[in-house]
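Here the chain labels run A, B, C, D, E and F in written order, and each chain numbers its own residues starting at 1.
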Amino acid sequence: MPTVPLLPDDDASPAARAVFDDIRAKRNTDYVNNFWRALANDPPLLQATWERLQQVMAPGALDPLVKELIYVAVSVANGCDYCVHSHTAAARARGMTDAMHGELLAVIAMASQTNALATALQIETDARFKA
Amino acid sequence: MPTVPLLPDDDASPAARAVFDDIRAKRNTDYVNNFWRALANDPPLLQATWERLQQVMAPGALDPLVKELIYVAVSVANGCDYCVHSHTAAARARGMTDAMHGELLAVIAMASQTNALATALQIETDARFKA
Amino acid sequence: MPTVPLLPDDDASPAARAVFDDIRAKRNTDYVNNFWRALANDPPLLQATWERLQQVMAPGALDPLVKELIYVAVSVANGCDYCVHSHTAAARARGMTDAMHGELLAVIAMASQTNALATALQIETDARFKA
Amino acid sequence: MPTVPLLPDDDASPAARAVFDDIRAKRNTDYVNNFWRALANDPPLLQATWERLQQVMAPGALDPLVKELIYVAVSVANGCDYCVHSHTAAARARGMTDAMHGELLAVIAMASQTNALATALQIETDARFKA
Amino acid sequence: MPTVPLLPDDDASPAARAVFDDIRAKRNTDYVNNFWRALANDPPLLQATWERLQQVMAPGALDPLVKELIYVAVSVANGCDYCVHSHTAAARARGMTDAMHGELLAVIAMASQTNALATALQIETDARFKA
Amino acid sequence: MPTVPLLPDDDASPAARAVFDDIRAKRNTDYVNNFWRALANDPPLLQATWERLQQVMAPGALDPLVKELIYVAVSVANGCDYCVHSHTAAARARGMTDAMHGELLAVIAMASQTNALATALQIETDARFKA
């Protein structure tokens, strides 16, 4: 149960409805997922989040699949269940294979353990890593 | 100041020395960074970490640069200063450009904010994200 | 399913029962929520937590609603589902409007992303922020 | 040492310079802090972050001091040293007294401990907290 | 719902099956828990994780119960629901009493709050703690 | 630089001075470490923290060294540099050997990686772990 109602189209404000319609058009689907229906309780937050997401995840120096892998990695480290599910699905939709998923998990696990070790050891950064 | 001494070659056990030598050979450099010199206080932990790191970061379904980007992302989310420095440097050594770095940061920032929003809203996972 | 039983009144020790009764009296309700029923398995921990909570959340230099907003923010950042639910409800009971909730979420999201950016960039603190 | 150079005005692109100028004008100071000088390496990220920050932190249903207290709380929970320093300073500039700071710390500490307890106990959310 | 299928024995590869069999033999039970059935989608990751877990959790300078208590503590701080459940159960199986569980929770809660306070206060490490 | 002054004895209030004196008496040392000198800016918070710490860390069902190991583990997972240093030193003072430290680190690293894997895989808790 979310902490706010998930707004169906009929309960969304015109501003929120416009974002729903844009999501449908850009994603070429009729489905608007729960994240946006929850954010619709605050239309300016919904709009700002949707606009920024499109800018950030667009193809650029990094391709969209790589961006989704990074998104999953951050979501795992932050422990966001919803985001792990939604962005693992998004990565698959963009071409992540089972082998890629396995390697993604292995890198996340490796980083998590060396992060913990470096923090436990309070290691000072080598001068050559700086700049 | 670390919580253990950073062992110079002369103070490392033969088992730890062997790992230092392998690091030098595999990385084609004489430099052994602080992380390994700290871990050398526990040679089995040093050895297990170095062995696993090589397996995980080797080229596979994901290329080594992509793996380094994911490593940086996890290190940022976990707040490991040493790891952010060392793996940002490693990503640059593997070809990360300034533009790629900028996009990496933007994705990390985006994921961090939507992770927080999804957690604050306690959004239930859409059935279609499950499989 | 919690990792300990949620103790009904009849299974609680006299010390735990006394805390339940105090919660009922102070909150003017017959309902004792699950958090306290779980803590009741360790009466001294239950008592210490309840006593300290009352001291900390009492009106002072900050009013109770502001304290609840801060509580929600910390709970989101720490990813505590139970706490996000219970303290969002508590904030509403103390007067948090939908508009305030929306702004709370926006600040949490903003801080989450700049936290990630500052960590990724390993920015040194400006001298003027220190004192 | 940051992972990117802190750009002085002369090395910033025109787009980044324009943001620096806007920061100076809006904050009525000549000082541009390190966070923005680091972000200036990626002008679109700098611009998007600065624009969004102004929208989010503007007076609204919550006053700017309350927003800064929430910002500090999230920054503490996320372990961002730079952000804790900069937003504690910002909160003081907006009127946070020593007494308010003490209570902010007490609420953050209280939430941190009950977050840990609720997670350790895996407590199920009471039906009445949902809506 | 996990992000990968939980593989029953019949769907697991021979390499994964071999790990399942080893888990059964070492733990003296026919039950293979979900964690391993999910990892079985990537047999090398399954194998590496199972091998390392046995090495790390074996009796040594610390006894296995103490190791399980530490495991629970880390899992709580990282907010891993599955791990909190599985390692609390493992600790009980190794002899953790209710009184020990209560004290474990109290220490986790205490550390969580002083961690937050030290971060909020940005306290510099005393010279005498370094070595 | 902390976000508050570290109060020397002469600047501490009588209530804070009394806590300093109690710390000195109980620890049998003249040294009062920075954590307490920072907290002294808010005497009730100082007093509550010191009182609770003594209760929690006293010998009980778990011995004080085990409690310190748990404290270090939580501090590492929460990324608190000060706390990692101070509680690693405290654990050593209570008898933690180099071998114990090495195993503590190995367990923390192991838990960190399986925490990440379980979260990435969104594994459902096995019925048998519940009770």
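One rule holds for everything that comes next: a residue touches a chain if its C-beta (ideal position, glycine included) is under 8 Å from a C-beta of that chain, and two chains touch if they have at least 3 such contacts.
Note that the coordinates shown come from a computational prediction; the quantities given were computed from them, not determined experimentally.
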Farthest chain relative to subunit C (centres taken as mean CA coordinates): B
Most remote chain, CA-based centroid, reference being subunit A: F
Chain copies touching (subunit A, subunit E) - same or different residues, decided at half shared: different
Intercentroid distance (Cα basis), subunit B paired with subunit A, Å: 21
Subunit D and subunit F, separation of their C-alpha mean positions in angstrom: 26
Multi-partner residues of subunit C (at least 2 other chains): 1, 3-4, 44-45, 48-49, 52, 74, 76-81, 84-85, 88, 102, 104-106, 108-110, 112-117, 119-122, 125, 130-131
Overall pattern in which the protein chains touch one another (line/ring/star/complete/other): complete
Interface residues, subunit D side, partner subunit C - complex: 1-4, 6, 31, 33-35, 38-39, 45, 49, 52-53, 56-57, 60-62, 66-67, 69-71, 73-83, 85-89, 97, 99-100, 102-104, 106-126, 128-131
Touch list for subunit E against partner subunit D, complex: 72, 76-77, 79, 81, 84-85, 88, 104-105, 108-110, 112-117, 119-122
Complex contacts: residues of subunit A adjacent to subunit E: 79, 84-85, 88, 98, 101-102, 105-106, 109, 116
Subunit F-touching residues of subunit C, taken from the complex the two chains share: 1, 3, 44, 48, 52, 55, 125, 130-131
Residue ranges of subunit A in contact with subunit C within the complex: 1, 3-4, 41-42, 44-45, 48-49, 74, 78-80
